[in-house]
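The first chain written gets the first letter, and so on, giving A, B, C and D; residue counts start at 1 in each chain.
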Amino acid sequence: MAEAIGWIGAVLVIAAVGLSIAGAVGVLRFPDVYTRIHAASITDTGAASLMTLGLLLMAGFSPAAIKLCIVWVFIMLTSPAAAHALAGAAFGSGHRPVLADPRQPSEDEA
Amino acid sequence: MSLLLASPELELVFSALLLTLVAGLVVALLAARSVLTCILLMSAFSLTMALWLMTMDAPDVAFTEASVGAGVSTMILLGAALSSTDVIPSLRPGRLWFPAVACLAAFIGMALIVPDLPVFGDPGSPPSAYVGRLYLEQTPHDIGAPNVVTAVLASYRGFDTLGETTVIFAAGVGVLLLLGGQVRSPDAAPEDVSLRASAGSPVLSVAARLLIPIICLYAFYVLAHGEFGAGGGFQAGVILAAALILHALVFGVRETMKALPVGVVRACAALGVLGYAAVGFLAILNGGRFLDYDALLSPVFEAGLPSSHLAGGHHHWGQRIGILAIETGVMLAVASTMTAIFYAFTGRVSRSDAAGAS
Amino acid sequence: MLAGGVAGLLVAMGLMIVRLLRGPTAYDRVLAVNSFGTKTVLMIALMGFAVGRPDFLDVAIVYALINFISTIALMKVFRLRSLAEPLARLSISREAPDG
Amino acid sequence: MTLALVLTPYVYGLGFFMMAAGLLIALTSRHLIKRLIGLGVFQTSAGVFYILLSKVSGGTAAIRLEADSPAAEALASRLDAAYIAAHGVDGVVYSNPLPHVLILTAIVVGAATLAVGLAIIVRIRETYGTVDFEEISALEARALRDVREDEA
């Protein structure tokens, strides 16, 4: 039983790493800053959640598990806030999203 | 657990891989042509360096590198870079060859000693086999603290650390002498212009409001926990300064200066160093040597206290109180000095401000 | 299994460095550093368990915090060219600053 | 041990390379702030060398564990008993803590001295109006020439 839970945890950790790489590829290949922020922040929080869950399953309950949860809470708190601030700043300084439909270049109000 | 644990060989390979990433960042730094990119790279360099230090079994150093290198250094660099041009002009090729040859010669000279250096990870190498091992063996009997790094830093080499703290304080004084007297141009940007960046989005404000108290609390945890795990006064001080810097970043330096006036910060910096030295003199007054924590408590009083768990039959309450006291001094000195430096670079503290506050 | 995880995270970090160097806008660079930092936090968590001393997750907590603070600072420098100006009002009551 | 023999020149080489590269940045860049960044890299790389010397294969961080705790037993399970007996302290192999202490304080002091350097740079920019090393040299040369002409 414990062995099986350990393997489930390992699969989750690998999934987290896979998500991380997918996010990095997205950041590298997406066309503008907003899509890149999107790729990075979603995969970062997702990878953090999967990694936390995986490591918790593998290592079992200990004081380290509590710290792991604290790390997770901090990432969930700071990563979206940073992404939001970044996107807001990029928009404020005049970068406009690259749109597939070029009809409405400046329809948006801050 | 066995699923997770890496073999000793794998650990060495990890650290070699990470060091490669660090070196790659240095190469990128060599090529960078913009100051802000350089600062970004420096921040990433420090982060990776701290990760590498984790693989080298140096969590205390990793802690420091993460909080100092990636945090405070980046802020100070940004503060200084704001006032200068961003583009780095390239050097004329004629000027390049002499430094390049000199650095190459230095590299070759250093590489020539590699065959004489101990093998990577060798447990019997001269640095690891004698004095380091002695500290590891003696710490439970002498100090009673599980963290040998803290024991060496705060107790065995406490005098040295007092010197380091004084150097940090002196550096802070130097920065204030260079920049502190400057009067800031009054309100360069009207407030509504700067607020427009995040107007209508309280996300940052709420996140900062949530985080700042937690960071402060965490700094004190790091201070108190330094005896038992990674951490200590230096790290706690930098984390405390980071909380103040976050406050200044989100709510503006003026608000932070209202909450924590410049004069108070400067006084605290001096107080930290003085408190450290005072612990040393207290030991002398009790009949011991300078910074001899065992002399802090009288034996009669100490015998009444409960025995600490990792002490191996000894009490060590004097050591523990002494270490906590000087670490508090270090934290106060480091946090205030870093905050004062940040104030000096961003706020350009005026003389009247400082005089009015103190 | 662990080696694969660490290697994968290293690859992701390397890709972030490429984005950091390529830009093109300053915000891309800041994003790259921020995401690099988050991946480092994950790596520290993994590494802590890998070397058998997971009690050093303290370092990962500090990382997450410092990473956030430096991202805010960098973003502010690129947007406002200033570290001193406020990004948000301290008082809770916001009196509609938009015009 | 053969793996360690292969890695030894590689890791030391990287450390020395970073030192030389930091020195090169400090010597050849025209922007004064980049020069200081180069010095910072140089300083950190010197720390790398110290830390490289402190690593003990199979060791753990120098925060003492009870020999019968689960963490210590897990760490011991990957090493053979003779190795632990020869190099361990009370049943656990630790890395050398002494270089950690030296580098820890050096990092904080390095940040403080970096701040002093940057403060000097800020004052230089206020005085000369530039942080370009070559422009400053040219300005100084011109000022020196003016002084000499006045004297003559």
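One rule holds in what follows: contacts are C-beta pairs under 8 Å (C-beta built on N, C-alpha and C of every residue); 3 or more make two chains touch, one makes a residue touch a chain.
These figures come from a predicted structure and were not determined experimentally.
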{"item": "Interface with more contacting C-beta pairs, comparing B-C to C-D", "value": "B-C"}
{"item": "Centroid spacing, where centroids are CA-atom means, of subunit B and subunit C in whole angstrom", "value": "19"}
{"item": "Distance from subunit D to subunit C - Cα centre to Cα centre, in angstrom", "value": "22"}
{"item": "Rounded Å distance between subunit B and subunit D, as computed from the means of their C-alpha atoms", "value": "13"}
{"item": "Distance from the mean Cα position of subunit B to that of subunit A, given in whole angstrom", "value": "28"}
{"item": "Residue list for subunit D, restricted to those that touch at least two other chains", "value": "60-61, 63, 74-75"}
{"item": "For subunit B, residues that touch 2 or more chains besides their own", "value": "1, 3-5, 11, 32, 39, 57, 59, 79, 81, 196-200, 204, 207, 211, 229-230, 345"}
{"item": "Sequence positions of subunit A contacting 2 or more other chains", "value": "10, 55, 58-59, 78, 81, 85, 89, 92, 110"}
{"item": "Which chain pairs touch, all of them", "value": "A-B, A-C, B-C, B-D, C-D"}
{"item": "Footprint of subunit D on subunit C - complex, ascending", "value": "51-53, 55-56"}
{"item": "Of subunit B, residues touching subunit A in the complex", "value": "1, 3-4, 196-201, 203-204, 207, 210-211"}
{"item": "Subunit C to subunit B touching residues, read off their complex", "value": "1-3, 6-7, 10, 13-14, 17, 20-21, 26, 29-30, 32-33, 36-37, 40, 43-44, 47-53, 55-56, 58-59, 61-63, 65-70, 72-74, 76-90, 94, 97-99"}
{"item": "Subunit A-facing residues of subunit C, complex", "value": "1, 4-5, 8-9, 11-13, 15-16, 18-19, 25, 27-28, 30-32, 34-35, 38-39, 41-42, 45-46, 48-49, 54-55, 57-58, 60-61, 64-65, 67-68, 71-72, 75-76, 78-79, 87, 98"}
{"item": "Of subunit A, residues touching subunit B in the complex", "value": "6-7, 9-10, 55, 58-59, 77-78, 80-81, 84-85, 88-89, 92, 110"}
